[in-house]
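Order as written gives the chain letters A, B, C and D; numbering starts at 1 within each chain.
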Amino acid sequence: MPADTRPLVLSCPLPRSLDLIFAPAARAVLHDRYHIVETTDAALPGLPDGTLAEVRHIIGQPPLDEATLARLESLRCIFNVESNLLNNMPYDAAFARGIHVVTTGAVFAQPVAEIGLGFALALARGIHTADADFRAGREKWGGAGNAGARLLTGAAIGIIGLGDLGRALARVLAGFQPQLRVFDPWLAPSQIRAQAATPATLAEVLANSDVVFVTAAVTSENRAFLGAESFAAMKPGASFILLSRADVVDFPALMAAVASGHINAASDVFPEEPLAADHPVRSLPGFLLSAHRAGALDVAFTRMGDMVLEDMALIDRGLPPQVCKRAERETVARMRSRPVVAN
Amino acid sequence: MPADTRPLVLSCPLPRSLDLIFAPAARAVLHDRYHIVETTDAALPGLPDGTLAEVRHIIGQPPLDEATLARLESLRCIFNVESNLLNNMPYDAAFARGIHVVTTGAVFAQPVAEIGLGFALALARGIHTADADFRAGREKWGGAGNAGARLLTGAAIGIIGLGDLGRALARVLAGFQPQLRVFDPWLAPSQIRAQAATPATLAEVLANSDVVFVTAAVTSENRAFLGAESFAAMKPGASFILLSRADVVDFPALMAAVASGHINAASDVFPEEPLAADHPVRSLPGFLLSAHRAGALDVAFTRMGDMVLEDMALIDRGLPPQVCKRAERETVARMRSRPVVAN
Amino acid sequence: MPADTRPLVLSCPLPRSLDLIFAPAARAVLHDRYHIVETTDAALPGLPDGTLAEVRHIIGQPPLDEATLARLESLRCIFNVESNLLNNMPYDAAFARGIHVVTTGAVFAQPVAEIGLGFALALARGIHTADADFRAGREKWGGAGNAGARLLTGAAIGIIGLGDLGRALARVLAGFQPQLRVFDPWLAPSQIRAQAATPATLAEVLANSDVVFVTAAVTSENRAFLGAESFAAMKPGASFILLSRADVVDFPALMAAVASGHINAASDVFPEEPLAADHPVRSLPGFLLSAHRAGALDVAFTRMGDMVLEDMALIDRGLPPQVCKRAERETVARMRSRPVVAN
Amino acid sequence: MPADTRPLVLSCPLPRSLDLIFAPAARAVLHDRYHIVETTDAALPGLPDGTLAEVRHIIGQPPLDEATLARLESLRCIFNVESNLLNNMPYDAAFARGIHVVTTGAVFAQPVAEIGLGFALALARGIHTADADFRAGREKWGGAGNAGARLLTGAAIGIIGLGDLGRALARVLAGFQPQLRVFDPWLAPSQIRAQAATPATLAEVLANSDVVFVTAAVTSENRAFLGAESFAAMKPGASFILLSRADVVDFPALMAAVASGHINAASDVFPEEPLAADHPVRSLPGFLLSAHRAGALDVAFTRMGDMVLEDMALIDRGLPPQVCKRAERETVARMRSRPVVAN
């Protein structure tokens, strides 16, 4: 039997699975190109030295200490397909060795952006409430049903956080030719202008926007940074659409701002998930509810496998990864997402 | 008192009103430039010869016989702001004299296109049903709630009827880079390609589209042209979105196709409006309901006045109208919309 | 032999020819669908009554008097494929009968717009002069050769005349995201804004633009309307690019403005064509010369045949023509182009 | 006198200068925010330990050995404003410490892309040759001058190398809606599709394109990779436009392909610069010549300073640089550009 020349890849992708993130055709390519050794976070350090020494890629985000990392002599890239960066490995040591740590969360950008636009249109035009009224026999016909209806075309739109999700949102909004303001303290102004948007302060975004989209990841600096004052600063009747993580807002303050009628809101994320059966937001009018389902589409998960295969191919040829997003020294310790439990 | 040199304009815009279609600033311009004589459909023929002889423009769609038209010696343009062309005037005689008859229905294109996209996203992602479930305490979290969820990006979209509404829809869809097929028997193929769409037969649109938008006006040729066979030809799970007039579909057949689970649907228009309290569509799952409210926004109505002012200004300078849509000899007798009663 | 049921079409397209404007495949379709009777301007009135009575379409711009027009009882459309509207037929009588008169000059829009952009880049970057210098052994290397070099991206661009050509130009300029100002007295401001341009006065266009494109047809009102004062009003170093007709400018004044170094220019049209061998513009630096060749591409001419076939097909089905441009009562007498002699 | 708390920046930007790359306003900001110590490549290692220990940023590409790098204890980023990466510092040691090495060559992308499009239009329409003919009294009028004229709209365009320059080119081409094929072995296919282009092999690009743009940097793998066989594989009459570095082509083979009439070409770069006075390309018809002036515009150089300021500001805040391009471990040793001598 000929020697197996395929590069060795460790697979410990929990909470994901290879079945979830690789479509059948991609799965076949994976096994064709690579020798996949499936393991678990717990079992990994116990693998033989010879095995660990050959590993070129890891698919997953296993906890690693300095010793185990040192045994992974040939390691080039860790593909964190869970996509939230936990503080569970010696990143500095990895970066010093030139080991890339990349994430695949970009797959969620398109589905979340699309549903985010759907939320904005639903709030602007009362799509969901009009359907409910119609079913209850209390619908209003014609213009009578349009108090508060607003066009998105040419509207003032604010985006907080212009990562993959914010950019995908700007793209689906393109057909509406909005006046786009972006607040993102981790980007240079020229990067924002390159997206046909105006760099703005948080205050400017809140004060001027008809719709505010929050697409920023949670970091050590922005926990609950949107609170009562932020919502009070928004335009009367504006929409607040939360797409990234609940921890960036003071959720009770948001509910209060909606309950007062000052703004309306939509959210795909909540302080606890699942949410308690008696949580007041369940009965709050003007708040469009979505049970953290904006990203979790089959086509999103299988795109992860495609991205991993593309970058592994580049790395195999001695090139740097280009498709997945790289964890950076400067920021890896500042991410504060809670780990994903369910897909 | 100096002679009034302002051109004379008759105003009989029912069911609209000057207050509805002219914002305050535009209303002021109107009265500044023109001598407005307000009248009614019934009273118009009884106006003095001298008055009728001076009329340059009519805002409205008053019934006219050949004799009255002949008395309107200076008439250049009839601005039908109701926007459905009734067979209530001798169009041939008007056209022979070079009198333009124009409509302002284009104002509804943007609002209807926007809500149409909102319907498509609501159906593709279950936005309204997920909110209802959440409120009822039966929401599904994460991917579990995404059976049947679909992306619009890159999807196969079909548009039936590429007038102002169809084009506005293509524009708001631009950010989704769809594969766009258009069926419109009143256009040349090159006009469809100029909108980055593929000319297609009705059968091709129905068979290939993930979402079918019906944006075609009712004509003498297309009443109920979409029936049981059309819906059966659609892809399983596709969305049918009716935005123009209910008379182009066999409505019971549409409901049956939705009830069977073969497709889902959204409609802003119904066979009778208002709809009977016990109409079965009110309790049909998979059918998103909107009580003919897609176009009737204040900003749409006031755009009518702006369009009328722009075209009156062109005509006053001896140029043809460019902004409102002209009624054509060939098609004016073939339009079959029911008149608007309420705004 | 079965009766020939094909509609009868008269063909007298001089100075064009059927070979020029119909590609082989389109030519075959033409003869397949229609009974083509080739004639000449002079011979047409002498054709038998029976023939003239059956003519549905005319391809050409034959002189017609009221009597001949009356004999053309079935005529629906005159396809003026020369594209300049001569005052050689009773247009009012034609329009009164609902006979369409259409032109096919839109075929030139794309080729002229492309070369117009090429002229702008050549002037902005000295492309032609640098090549000439290089061949003469006097080239300047690197930045030394870039005095006066300017980017088009984000530049202030002015377009005078926003017909088919002006719009095609706006389209090819899209990748440069210019600040676009448009002066066109025959359009409403909303039409200009719909092209992502700002409506402006002629003075504003001249004073603010880095590049001024003249794409306006000659009319009875605009002969030589761009003269010494216009050029003096332009920004120092700006480019003036003449793409439509020489008669809209005071050509000696243009040459003087270029000779003074105030602006540079490009032109595809000249006061006399061909131009005298000793005309001073031939030796004027800063003036890019093109011998009226911007539109006359084979692919443009054959597009005429395609457009004619598409509109004839619509008209045959009782619909109005959509693709070719219609002559309008209000403006047909105001066009002042000189007829085309050569293709 | 208060202590100078401004971060210390070493400036040794030859062959650039601070005056060249910082516009006056940006220069003022630079000195306001940073303590600039101007030095030279030779003098740098001789600076006091105390000074080197405080240096946060270096503007320039000074040769550094491991010892000097070690003395630069606080160094976070080297801004190589020359933009070609020389193998003159221990990159591995720098990367291991997390020191970023970035380049500013992206400033040339827009100017080079614009002139590249100008070259393509000049070749497609004979703009420069028609002007020369006109001046020499041998111009051809109308269609007679258009043998070989071609439209870019909808044409098959090939781009070899999709870095900043290739992407800028794709952007200015957007208004022409080309069929875009891209060959770039350093990118994943999904990155190419994200630019609305089709990933293709080199052979496919050469065989199918009406215009081939070479925008790829020289690497250790692609020296003279375009030779006689490549040009022979191109479509007859196609245009070859060389915008990056002459070393990627076999220049005599290119001249031969042009001399044979098989293709035409444009180039901004040459095997030796300046080029010998008797070099045969100077008299080769069908070859548009530009003396390496495509990028060197004042506005490009001053954008370098803006980029440096933006990234220094991010780094000062503990964030990674985002605007300038990072040198990568995997590729830094494979770049093979010759250093810039003149600006």
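General observations
Note that contacts are C-beta pairs under 8 Å (C-beta built on N, C-alpha and C of every residue); 3 or more make two chains touch, one makes a residue touch a chain.
From a predicted model like this one, the values you see are computed outputs, not experimental measurements.
Identification of common neighbours of chain A and chain B yields an empty set.
With every chain reduced to the mean of its CA atoms, the largest distance from chain B is reached by D. One inter-chain figure worth recording: chain B and chain D are separated by 51 Å, centre to centre, where each centre is the mean of the chain's CA atoms. Per-chain Cα centroids separate chain B from chain C by 34 Å. Averaging C-alpha coordinates per chain places the centre of chain C 38 Å away from that of chain D.
Against chain B, the residues of chain A that register as touching in their complex are 110-111, 114-115, 117-119, 121-122, 124-125, 127-128, 130-135, 137, 139-146, 149-153, 171-176, 273-274, 277, 282-283, 288-293, 296-299, 342-343. Note for the complex: chain C touches chain B at residues 92, 95-98, 186-191, 306-307, 310-311, 313-314, 318-320, 322-323, 328-331.
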